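Structures given as structure tokens follow.
Next come two complexes built around chain A: one with chain B, the other with chain C.
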Partner chain A sequence: MLVTRTLYQSRTDKALSWVFVLPVILILLATAFIPLGWGLYLSFFRYKLNLPSATAFIGLKNYLDIFSDELTLRSLRNNAVFAGLSVSVELLVGIVLAMILSDDRRFSRVLVSILMVPMIIAPVVAGTLWRMMLDRTYGVVNYLLSFLGVPGISWIGDPKIALYTIVLVDAWQFIPFVAVLVLSSIKAMPRSFLDAARVDGASPWKVFWSIILPVTSPVIIIVAMLRFIDAFKVFDTIFVMTGGGPGNATEMLPTYIYRQGIKFLNIGYSSATAVLFVILMSAIALVFQRLRDRQLLRIG
Partner chain B sequence: MARHAAGAIRRDQQLSTFLGRPVKYVVIAVLLAIILFPLYWLVSNSFKPEQEYYHKPPIMVPIHPTTQNFVDIVVNRGLFTGLKNSLLIAVFTTLCTVLFGSLASYALVNGVLPRRLKHVFAWWFLIQKMYPAIVVAVPVFYIIRSLQLMDRVAALVLMNTSFNLPLVILLMVGFYQEAPFEVEEQSMLDGCNLLQRWFYITTPMVRAGMIATGMLTFVASWNEFLYAVILTIVRAKPLTVLIAGFITDKALVWGPMAAMGCVVVLPVVVIMWAMQRDFVSGVSAGALKG
Partner chain C sequence: MKTRMSPSSTGRLISIALVLLLVVAGAAIGQKKFAGKSIRVLYFSATYADAAKEYAKEFEAQTGAKVEVVDFPYTTLYEKMGLALSSGDSSYDAVTPACQWDGEFEPFMTDLTPYINRDKFDSNDIIPGLWEQSGKWNNHIMGIPFSNTPQTLAYRTDLIKKMPTNWDDFFALCDKLNNPAKGFYALAIPGVKEQFDGLWMMVDWSIGGRWADKNWNVTIDSPETRKSLDIAKRWMKYADPAAPAWGLGESDAAFLNGNAAIAFSWPTLGIAPNGDDPAKSKVVGKWAIGLIPYEKNGVTVLSSWDIGIPKAAINKDVAWEWIKMYTSKEKQLINFQKYSILPSRISVWALPQVKNSKLYPHWQASQQGAVIWWRIPAGTMAETYVRDSVSNYITDQWDQDKAVSYMEDGFKKLLADYPPAKGVLNTGR
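Our next item is the complex of A and B:
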């Protein structure tokens, strides 16, 4: 009796299990797997929506074109500079901040909730807000800097500066992100580690370098990876702050793919750029994964 | 006693001694100013009349505060339509993501599924974290167009659900794994099938985590911009697209723009402060898992 019942049950459960995962599978198929596959397929065609008659299979030509396209290479370079710079700044300042906050019991709860604000507001709003503040003539930043004798900086209009301006805004949003995560990992650390070091008379710097940094480094590596990958995906901030300009000074891969695909309807080429982008991201993630594994080995 | 001694060590010899107390407070004050000033600027500009937000030198505190900017975005910028769209997108995305996500993660933990499927899911979450949303923008654009979903809220609900599902499933699998299995086992022997167990037994136990993931999803879809700008034309524009619209205009009108910014930011900040602890742990779990 019991046997048949469990058998019956497991059959129902088996069917139900599939019903449970079905919606997710369908959604992912429609919005991720099929589009990815289709994008890969389109990347082998000359396909311009405004010139449908010229559609033709051209093999790898789109990919080859990428490497002779000044603009794609420029976007890639901008993107790499932006990601490298913003992640370094965010990590450096974020970790220092986490260290400063780590022993503070009086304010840290309040401070953490204030720290959370920049990272949760919409990047579009952060972008517009900073654009307002960084206006050359009416902006409050130049006004405040004028007290320090700094002449009016053209934050957004100067092609030499615009990229760094975006880094600044990104840093404002995400230094808190790094700080909050590193802070929580410092707090999760067994106190005995620190106490033992204290008893042995280690200097604070020594404690930082030989205890806190090694123990929190897995978290730091993951945070670095997330920020690095997200920095490559930057779109909203650029869209509202510079639109990729002035000239192409802040054009990056996402904005470039957007322009080629959605604005110029150059579907084939934009798809090829997108495919290369995925490959690049996977390579980066792989490097970080390696770093992390090695790190875990060393500690564990 | 031992505890006491440890406490004393903790109090006396803190990490920050390597910076010193005054330095620490200076750093904290500067930090607060840098974080808070832009937010103050957003709020104060939203209450300034035109001659004050375009003033050289900038006016720090509104002299003649006005609500004119808010009236302006209601009348000229379709604030209520945008608000309605943003709310619909965020609410329905949250409902879909939490419902489908919890079903799927429950089945992955307690259901009868081939091992291989679980691997596919785990593998997919990694991939999804890596590829930028823009990469599928062009194909998605055509899929949505052929489904006649262009400029409809439903399209954005679909896309946002897709983007948020991996994180939600990742977190919820963790919650279901932590739920005591004995209860699950007992109800299985009592003859509850998978659906009953999911609905009556196990999901109520993970409700707190579920709400936290729901909030993360709400905030993410409320803030989403890329697909909102690609898949909407007029009717379905959410607030994020409306505020970006100020930029593409010839003349930047800062007052109304700031007012719109306040409307976008306020709900998110309220949610975050209301459930700060869950939020911090949610963000860190989301970031650090996987």
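Our next item is the complex of A and C:
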């Protein structure tokens, strides 16, 4: 009788858990899986929304065109460079900032609040502001630099540096995000680790390198993953600051997909590009997840 | 026992009935034709929308119908309009496509011919040739053109006596005027690719270049294309170094601030409305409109907007009344005087207020020839090949061979994937 009751309870628990999870599944189905599946289906067609008569099944041609389309490849390259650079800068400066703010002085708490300001500005607003400030002739940045004897820099008009300018703007906006999350991870660390290290005569650098960094690394990896994915999805800043120019110097995959799908109504091709984009993002997330799991195992 | 109504009661009833009848009749006479109805109209966020917003109250007073004017910037108007039309959305009762979008949007637009014939619309007053480029497509009338703007330039009359008519003299003038050490440049140019490509086009066509012949055989790889690319690249030597990142607003501002001698622009959008306003301009009374230098012909780029009724529109009759009002002779004169919207009507161009205005050189440019690029459904995509190509070339990211071959390969692919309908010839360039 006891065994039957346990089995019954187990089945009831299982059924109940499905009931609780079902709304989420339905929402995900409606908002994510079905649209993705429909996009996958459309990616096998030549389909222009305002030219339905030209619709034709073309199999994998859209995908093959992507790999021979110079602009798609350039967008992907720009995206990778942008994501790599901006995340690196954000992590480096964010961790240093988190260390500086990790003491409990009132000054630190006030500084955290001030640092949050760029984070809460909408990317469109931030992009517009920076576009004006970075104007080569009329912008305040070059004006201030002129006092140091620096000649005017064409921050967003020179194709050699426009991409790095966008990296700096993105870093300005999201360094606080990294700093705040790493800071909370530092604060959650048991104090005994640090106290023990200090008692043993460890230098501040040794404490950071051998204790703080390993213990907070799982959080840092997750932050890096989030920022990397966000950096790959960048759209607003590019749209308002450069429109992908000069030329295609700052064209990114999201702006390119937008151009194909919304501007040209070229649904088939943009769906194929979007599908590949999703696969790429999933692969990146998986890599970071594995990295984090391995790190968790290392630190026990 | 039956009782009959007394004569006085009957009379009272009849009187009440007569009074009620009079009240209803009075209300019917006072009620406007489209009372209780409303329309939503879609415009480009510039002077055209401003004019529409001004007329909305007047239209309501005349017809009883409310008008909601929705506007978007040029960069997003195409996709908003395209998505609404191609999805059969009935949000808009009237839309204002740019003429280069006509071929794409025509299948979703109402043919206005029955309305024009029914109300005897004065079609003969529309500038000949304009309607064929803006509003007519595939033997349908999908819109009435309400603006006719050939691309011109603005120049400083205190520095330039007469605008050169060829590019050699033009660059000689730029050499003379350019003074970067003093922050003064010969040229104010919008360098962002969505503006710059139009500038390149007008040079290419004015020296005899074409994207394709009338039967859609691609002819973009030509000496004219290569020469026009070089001319466009040479402009940048005389422009503010910030120009590659400038939109039309920034470029016009540089001219209005007195920092440039010549502005490549659409002067009616920014320079004309503000040029003689001391609060917004440092070149009051010192500017004029000039024609683009040319070598073979005076052909320049046309910007024209037409207004039509989507097939999915709900209040088509009201929308037609709005179109008639907005494109009327009276309103086109107000549009011109107050909003610098160049008229599409011959009779308005002939008025002394227009003939004597600073904007009259646009009429000459129009007579010399103003054309739009491909109006076929693949036209927007074709223009993007031009944008990318020209922008990458003038910023030294591509060499000339690559820029030309990119356009050529792109055009050929587009025409293969989305061929023009049978019988449709290339009447543009």
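Note that the second predicted complex is superposed on the first by the 267 of 300 C-alpha atoms of A that agree within 3 Å, B and C clash if a C-alpha of one lies under 4 Å from a C-alpha of the other, contacts with A are read in each partner's own complex, and residues count from 1 in each chain.
FYI, a contact is a pair of C-beta atoms (placed from the backbone, for glycine too) under 8 Å apart; a residue touches a chain by one contact, two chains touch by 3 or more.
This structure is a prediction, so every number in the text was calculated from the model and none was measured.
**Student:** Can A:V150 be said to touch chain B (first), chain C (second), both, or neither?
**Tutor:** neither
**Student:** Determine, under the contact definition given at the top, whether A:L213 touches first (chain B), second (chain C), both, or neither.
**Tutor:** In the superposition, A:L213 touches no partner, neither chain B nor chain C.
**Student:** Looking at chain A, does chain C or chain B touch more of its residues?
**Tutor:** After superposing on chain A, more of chain A is contacted by B.
**Student:** Taking the superposition on A as described, I'd like to know which of chain B and chain C A:M116 touches: first, second, both or neither.
**Tutor:** First partner only.
**Student:** On the A-aligned overlay, A:I262 touches which partner chain: chain B = first, chain C = second, or both, or neither?
**Tutor:** both
**Student:** Contact-wise, after the overlay, does A:T137 reach chain B, chain C, both or neither (first, second, both, neither)?
**Tutor:** both
**Student:** Looking at the overlay, what does A:R198 touch: chain B (first), chain C (second), both, or neither?
**Tutor:** Only chain B; A:R198 stays clear of chain C.
**Student:** Could you say whether A:L60 touches chain B, chain C, both of them, or neither, answering first, second, both or neither?
**Tutor:** Once the two structures are laid over each other on A, A:L60 reaches no partner at all.
**Student:** Touching chain B and also chain C: which chain A residues?
**Tutor:** After superposing on chain A, chain A residues 131, 137-138, 243, 262 contact both chain B and chain C.
**Student:** Which of the residues in chain A come into contact with chain C in the complex?
**Tutor:** 46, 48-51, 54, 70-71, 131, 135-138, 152, 154, 156-159, 242-243, 245-249, 259, 262-266
**Student:** Provide the residue numbers of chain C that touch chain A in the complex, in ascending order.
**Tutor:** Chain C reaches chain A through residues 75, 78-79, 82-83, 85-87, 104-105, 107-108, 183, 191-194, 240-246, 250, 254, 377, 380-381, 384, 388, 391-392, 395-398, 406, 417-418.
**Student:** Give the list of chain A residues in touch with chain B in this complex.
**Tutor:** Result: residues 5, 9-10, 12-14, 16-18, 20-21, 23-24, 27-28, 30-32, 34-36, 38-39, 42, 97, 99-104, 107, 109, 111-118, 120-126, 128-133, 137-140, 143, 172, 176-177, 180-181, 184-185, 191, 194-195, 198-199, 203-205, 207-208, 212, 219, 222-223, 226, 229, 232-233, 235-236, 239-240, 243, 253-254, 257-258, 261-262, 267, 270-271, 274-275, 277-278, 281-282, 284-285 of chain A touch chain B.
**Student:** Going by the contact rule at the top, pick out the chain B residues touching chain A in the complex.
**Tutor:** It comes out as residues 6, 9-10, 13-19, 24, 27-28, 31-32, 34-36, 38-39, 41-42, 45, 53-58, 100-101, 103-104, 106-108, 111-113, 117, 124, 126-141, 143, 158-159, 161-162, 165, 169, 188, 191, 193-195, 198, 219, 222-223, 225-226, 229-230, 240, 243-244, 246-247, 252, 254, 257-258, 261, 264-265, 268-269, 272-273, 276, 279-281, 283-284, 287-288.
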